[in-house]
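Written out below as structure tokens is the structure these notes cover.
A, B, C and D label the chains in the order they appear, each numbered from 1.
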Amino acid sequence: MKYEDIKPSNKTDWRFKLHEVIYESNTPAGKAFDIGLLIAIFTSIMVVMLDSVISIHQQYGALFNILEWIFAALFTVEYILRLISVRKPILFVLSPLGIIDLIALLPSYLSIFFIGAQSLLVFRALRLLRVFRIFKLGRFLSEINFLTQALKGSLRKISIFLLTVLTITIILGSIMYLVEKRENGFSNIPESIYWAIVTITTVGYGDISPITPMGKLVASIVMLIGYAIIAVPTGIITHDIAIAARQKKELPESCPNCSREGHDSDALFCKFCGSSLY
Amino acid sequence: MKYEDIKPSNKTDWRFKLHEVIYESNTPAGKAFDIGLLIAIFTSIMVVMLDSVISIHQQYGALFNILEWIFAALFTVEYILRLISVRKPILFVLSPLGIIDLIALLPSYLSIFFIGAQSLLVFRALRLLRVFRIFKLGRFLSEINFLTQALKGSLRKISIFLLTVLTITIILGSIMYLVEKRENGFSNIPESIYWAIVTITTVGYGDISPITPMGKLVASIVMLIGYAIIAVPTGIITHDIAIAARQKKELPESCPNCSREGHDSDALFCKFCGSSLY
Amino acid sequence: MKYEDIKPSNKTDWRFKLHEVIYESNTPAGKAFDIGLLIAIFTSIMVVMLDSVISIHQQYGALFNILEWIFAALFTVEYILRLISVRKPILFVLSPLGIIDLIALLPSYLSIFFIGAQSLLVFRALRLLRVFRIFKLGRFLSEINFLTQALKGSLRKISIFLLTVLTITIILGSIMYLVEKRENGFSNIPESIYWAIVTITTVGYGDISPITPMGKLVASIVMLIGYAIIAVPTGIITHDIAIAARQKKELPESCPNCSREGHDSDALFCKFCGSSLY
Amino acid sequence: MKYEDIKPSNKTDWRFKLHEVIYESNTPAGKAFDIGLLIAIFTSIMVVMLDSVISIHQQYGALFNILEWIFAALFTVEYILRLISVRKPILFVLSPLGIIDLIALLPSYLSIFFIGAQSLLVFRALRLLRVFRIFKLGRFLSEINFLTQALKGSLRKISIFLLTVLTITIILGSIMYLVEKRENGFSNIPESIYWAIVTITTVGYGDISPITPMGKLVASIVMLIGYAIIAVPTGIITHDIAIAARQKKELPESCPNCSREGHDSDALFCKFCGSSLY
């Protein structure tokens, strides 16, 4: 779903003007709205963060409480404006950003009825994702497109890689559970798999670590595997970045005769129908 | 050994039909069998995992015990079916997947005779490797082939790299044993080598860490070495992925008219002179 | 701002000669000055370092105190010489190296008036940055230029990557605060974000680590994300190094006879038709 | 220095034959000698390792002591044979492998006169480096050459990178010493620099970790820097592996007319003098 589909078409409509300000950023008002929104998001997240620190909460708790309600009101108004400025509000509600906005908004209201629901305010952090929408408008657009395209090309290969890593950690974690036994911190298989993930990703908290010589040997093997295979996703992404870069500079985009695309930058003739590209 | 070699040739044979269902996935029945098997494997592993958690075992231990026997029966039937649906069952028994199936099956029966053998059930996790056989059938096939080929090309270079890393860790671990002494956790040389592996792979549990200034200096050198040489396997694999990618698309090698090369795998006409490539 | 702009132009001037010695390194005197300065910087930093070790301070504190004052005098003289050997001293004061020199110099004088200011002497370490200016003069120049250019090309992409990582850590840190609660070390959201950074970068101190099964599950996801996305900056930089390398040698672009490209920077004749490139 | 320079030239000489066996591996006797030596090295290191484990030492200490002397005698004989089979023994003594052999040999004799010198036996691990000489003879030769060439090309860039990392750790370690103070484990500047290296290389033991909020902020910055710049050596080595690979397949090595080298694999004419390469 694209926002364009739910955009009001009548250009003199007040809804069209509102839509321009709220959803687009190519007008001064739209840019101001976006930057104002970004500041509001950052401030509201900062308030939630600081409020979670006990010493600060004890001093400024009351102030933060008031600020929370101001932000809740602000984001509710923004949500309503977003709803009324599109032709089909239901499409916005179900769009990824619409769902995020709702998840970020609900805790403020839930905390009236349920004590403790206030801690769900942390979901407001999800609104940070909006930062990418706003950044899209500046000079970062082409870089973001470039990276997104490269990552999209890698997605399937990275999935296979992560599946392989998960399989390895399940097998090695299970073996480690046999080797090290319960007494040494490997209290059950899920715990051992957690240890295997901590180890193979080279994080290594040290909350669980092998104690017996045999366990240390198995752990060494896990570490060396992790050290060697970390190269795989890197190789994949590096390769796909190179491919994305090559496609970016491919000038003759489509054949003037058969309209097919995918020609090399040094091609003189269409590789599908044989007619000249220039 | 390929499964094709042990496949019954008579197409009207009941064994041929059974073989199609169990070993192949291009028929609806075969696909259903594979997905059903995958679900059974996942569930059985989940049961072994949960059963290892004491609190869950105390509550559902009896249920899990029954489930274990159902899975044991199920996998035994599957194993027998696999045996009778091929012409030369011994070839299946000795194939990698056959060995894995046997290792995964044995603990269920061993636990009748030996107390404690039940913990060997974790080897059922090895059956997860079958997931790759099943994935092979979808759109992931070409990606898996691509990655496998790239890794095969890197294997010898990665081996040399791991051998070098192991040599470095033995030497540095031995030196660290001299520097830090027994009292500081480096209680013997194998332990010190374990520490060197933990450090050079940047896992860093912290269960053993240098205490003397001299030891911290040596440790810093080990870390910087690890930080610099992690680049080596990455470089190797990135390079071999690029080579695998190039070989993949190098099909129509040279134009029959102008003899120039560098055409794409989907090219029908020479991109330099416009004459047909085939 | 370049030093060239503030260099005295009259070649017989004593200031010109002084400038040659202090700012340039292509004369024997200039090289000697640079190496002498580097030794002084290293020694002064070593003194600050050793003085911070209590046991060494108790034995050699008085000696170190005298040495501090000698270095303070030395660097003051150097700073004054730098000021008087340029035409517009204010330009040097405001240049990056001028600011570093001042920051490194001030603590020595501040410690006369304020007790404890001596600990600010560690800012002398900033002078180590001068080492790159001195290295620039040798055979390392082209390598430094090459790396700087590659990193400059990556800067914007790396910024987007770090922003994405920060957003992910804020979201995941907030979720972890909800999951693990205060009692398990995740005492507030900033602390949880700190944990998320420690985990996603695969550092893994283990000072805060998940305790509940749910927390370990979330942590495993964070680790696998960190393991997979570390490939992104690598891919970016590898790509930009390749581009920087290509630009470095892309000089004779196309043959004036057959118009074909892809010649090396040292090529004199076209490698395809054999006619002169110039 | 090459072994060829110190090889006896008279082919009927007994020294020549001995040299063939000890230094070369292309004769059956030479290969047998090398493999026998490798086994002796591995066994002797295994003995030193196991002897360092207290429980094993108490049981087999006497046996290990005898084995030590057998190995000492064996390696002494080998060293003497190496000396007498070359024309200029001093050149072997001063060669890298000659120095390693001596360092590995001395502790055995030192332990007669000095108690405790036996712990220096760990230097025998250095002999493991000989493994690469022996591997050179098999199919691994071209891979080793390939990797060595790629790493040689990266050496200067990696040095600059490590120097930059060291400078960053000294500056950040010094700042952290100011921020966290002595009480929190950052007891002096060298210790703080050690912490910065542990952190920036993503090892993260956790033996020293920030405690104050400000310290955690600085630590987060150090981690993100480490996470972003680990890509630099990878990019460098990947690039140099690609270059080494390109140079490897450059077939037309020198021009038949002007004898100059460095032509591309697709070149038909010499790029320096314009004459045909074939």
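Quick note on the criterion: contacts are C-beta pairs under 8 Å (C-beta built on N, C-alpha and C of every residue); 3 or more make two chains touch, one makes a residue touch a chain.
If you're wondering where the values come from, they're calculated on a predicted model, not measured in any experiment.
Taking the mean of C-alpha positions as each chain's centre, the chain lying farthest from the centre of subunit D is A.
In this structure subunit A contacts its sequence twin subunit C using mostly different residue numbers, the overlap staying below half. Remark: subunit A and subunit B have CA centroids separated by 29 Å (rounded to whole angstrom). Subunit C has its Cα centroid 30 Å from the Cα centroid of subunit A.
Once the centre of each chain is set as its mean CA position, subunit B and subunit C turn out to be 41 Å apart.
Residue positions of subunit D touching 2 or more other chains, listed in rising order: 161, 190, 202-206, 230, 234, 236, 238, 242.
In the complex of the two chains, the subunit B residues touching subunit A come out as 45, 48-50, 52-54, 119-120, 122-123, 125-126, 128-129, 131-132, 135, 139-140, 143-144, 146-147, 150-151, 158, 161-162, 165-166, 190-191, 194, 197-198, 200-207, 230, 233-238, 240-242, 245, 262-264, 266-276. Residues of subunit D touching subunit A in their complex: 202-206, 234, 238.
By the touch rule above, subunit D contacts subunit C in their complex via residues 156-157, 160-161, 163-164, 167, 170-171, 174-175, 177-178, 187-190, 193, 199, 202-206, 209, 213, 216, 219-220, 223-224, 226-228, 230-232, 234-236, 238-239, 242-243, 262-264, 266-276.
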